[in-house]
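In what follows, subunit A forms one complex with subunit B and a second complex with subunit C.
Our next item is the complex of A and B:
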């Protein structure tokens, strides 16, 4: 029971971590909460669903289509909604308001065009279970853990080693100096949103396959925000640790206490943590920035 | 090499620079002295492309400057900003690599890293440390080295001696001389007027956004007006 719960928690935590990393990437560079991110995840799920069910593409191809689609949408989101604000040097409050507006717009766009119907992916993975030593884990969960892990590790490697990766970390500290160092900041921010969108595509796809696809499913990013805050806003290792931690803790609360108090627990954890540790577990650079 | 003609810069209603005209010749050290708020930093950030001029023109090697900061660096103009502004979350080495961001020659970058460690030996011990953990003097050296990593034709230094211990100020000015001796043109904004005028070929004094007086470094050192206002000499 314990190990079973842990594995399920890790699978959920992996998806939370993906979302939290995507969210934190944007936060670290532009210093605002991108509330439109949940809607991009939701659209990623719709794109994946459409590719797989309506066009009959295989799962792997559908995931790639979903990744590319979400990355493009996230990029366009920045170009259309945030770039003009950035050029006017608007404060982060305006970015946040614009993000909320975008989120509501996208959800209602889906209501108006596709409708409020719930869609469910074919029972492809849900029924497949891997059983060993009395533990049974869904194939989908195994995929979620493996895929999240690979995506996050390759992103991390890219950020640590590559020239562009170093520039992204530099920009998260000081955008103006980054421009002085010859970085085309508009292109760099576009790329960061593209990466965030790609992660949104993966998490949207997994969320859709695990649960169902519907217009407000993006609100699950509230959990990603909690995860990012636990880890320390803007910190990528923090987002990963926060996401996995939250996923595992939640699953244990569901399993051992009751699934009804799960969200009560998560949000209490957020409020409590903000009181005791406002910068989260890894939020040290943010302190220096202020 | 760098010609500034009738440059005006405004922050909204505030007119920060009035009709500034300055020439910076190839291989020269030109100093800009003036008090806090005189417009030195405004001039430097405008040249680097972070601010846009309201009117006037800036020509570099006879051509108008591009608008975007990253293209200006590509032309060979590099600003080392006031208060160093290192990336505290990156290591010293990564900070230096950011300076070479536009360069593609890997071998050249590696050779230049070595050159920087020779120029500022203390950095060699600090390469793997986060820049945020360095002392002020060390940070200023890394900031200048980061600027040099772009192989600039002209280096704009904004208050390099600010907040440094006196001994570090000496090291800093010596380093600037060495850099200039290697052929890099230097435009130096300083509150430390004596040191700056002493090493400058040419200089001008900014006061509330106007060029008050200009001449060679020596002339300004001997100018009674400059002595009284900026060098603390009593007449």
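Our next item is the complex of A and C:
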């Protein structure tokens, strides 16, 4: 039972971690909470569903289509809704409102056009279980853990080793100095949003396969934001640790206490943590820039 | 027909009361709340339970609703605003708070869960709403023109400078949060006794969105702007009979467009006064040259 719960928690924690990394990546560069991220994840799931069910593409190809689609959407989101504000050097409150507006717009556009119907992916992995030593784990969960791990690792490698990665890390410290050193910030920010969108596509696909696809499924990113705050806003290792930790703790609460108090638990954890460790586990002390 | 219009006006004014609260908070301290509907819900349930189960006087119940919401505002605000962290922490905490409140309302025995509370006495009439709205606007007006209101504006504009001038940022923000939550609570109490039926699914992010949209469109830093915007947002779609879902699509788009093209909103920092109207008419007379 214990190990079983742990594994289930790791699977959901992996998806939380993916979302939290995508959110933290944008936060670390532009210093605002991209509340439109949930709707990009939702659209990623819809794109993946459409590719797989309506166009009959194989799973691997649908995942790639979903990744490319959400990366494009995330990029367009930045171009249309954030870059005019960035050029004006608006305060982060304006960015947050713009992000909120984008999220409300996209979510309800899906409601109004595609409708509130629930869609579910074909039963590819759901029924397959790996069993060993009395523990059984869904093949989809194994796949989700492995894929999340690989995606985060390759992103980390890119950020640590490549020239562009170094530029991204530099920009997260000081965007102006980075620009003075000849980095094309507009292209760089576009790339960061592209990466965040790609992660959104992966998490959207896995969420859609694990549960169902519907217009407000993006609200699960509330958990990713909480995970990012637990790990420390703007810190990528923090986002991973926060996501996995939140996923595992939540699963234990639903297994041993009650699934009803799960969301209340996550929120109370956030408030308690902010009282004890205001900057999260790995956070820098982030005050607003004037 | 007149009953129809008084119905729209009543609902509009209930929204105005909550919007004025949010205007004091988001507009004057620059903090962004994503779960303001939760304060509304807490007020609605507090007042309804008091009159429904305990037969408490309606006006006392309204005061209790304001007190309960204000107290919850204090509980949420204290840990999240204490450490002078970025306002993102607060926005994320309110996001979790909104969800947690709904889960609790759906599962507590006294709120009768998702079935809601039917048959609440109909105490709210248009004169009562008008009187409460007038009092709330009067208090808000005095607040913004008081020492505390000026401190709040200073915090929004430049909190480093404000702190150096001896303004207590934490207290300033907390004070306006509590006022804002109390306004939401009163509006909720009126709402419950106007519709005579409440259930948790009434207080979703849709409601929070309407408050936020009204404050942003009306002008952050103004009281009369958001009041006007709230009345327009409730009455125009109601009279034109636009489907609910397209309303939300339009709100989302409106938020992004306002942030891009007119971040100061309808009124900016100005208020409607006799001098303003005279000036405006004067400009119209000159062919709108100014």
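Note that in this section the second predicted complex is superposed on the first by the 284 of 290 C-alpha atoms of A that agree within 3 Å, B and C clash if a C-alpha of one lies under 4 Å from a C-alpha of the other, contacts with A are read in each partner's own complex, and residues count from 1 in each chain.
Everything that follows uses one rule, which is that a contact is a pair of C-beta atoms (placed from the backbone, for glycine too) under 8 Å apart; a residue touches a chain by one contact, two chains touch by 3 or more.
Keep in mind that this is a model prediction, so the values were computed, not measured.
After alignment on the shared subunit A, the placement of subunit B and subunit C results in a side-by-side fit free of clashes. Using the contact criterion defined above for the overlaid structures, shared-chain residue A:270 touches subunit C, although it does not reach subunit B.
Touch criterion not met for A:29: it reaches neither subunit B nor subunit C. Of the two partner chains, subunit B is the only one that A:178 touches; subunit C does not reach it. When the shared chain is aligned, no partner comes close enough to touch A:18: not subunit B, not subunit C. Of the two partner chains, subunit C is the only one that A:91 touches; subunit B does not reach it. Put simply, if you stand at the Cα centre of subunit A and look at the Cα centres of subunit B and subunit C, the angle between them is 90 degrees to the nearest 10. A simple residue count on subunit A separates subunit B from subunit C, and the partner touching more is C. Between subunit B and subunit C, the minimal CA-CA distance in the chain A superposition rounds to 16 Å. The residues of subunit A shared by its contacts with subunit B and with subunit C are 288.
Residues of subunit A that touch subunit C in their complex: 27, 31-33, 35, 80-81, 84-85, 90-98, 100-109, 111-112, 219, 222, 225-226, 228-229, 233, 260-261, 263-264, 266-268, 270-272, 274-275, 278-279, 286-288, 290. The touching residues of subunit A, counted against subunit B in their complex, run 163, 166-167, 169-170, 172-174, 176-185, 285, 288. Across the complex, subunit A is touched by residues 48-50, 68-70, 73-74, 78-79, 81, 85, 87-90, 94, 97-99, 101-102, 132, 146, 150 of subunit B. On the subunit C side of its complex with subunit A, the touching residues are 26, 30-32, 34, 76, 79-80, 82-89, 91-93, 95-97, 99-100, 103-104, 107, 158-160, 205, 209, 212, 216, 243, 245-246, 248-249, 251-256, 259-260, 263.
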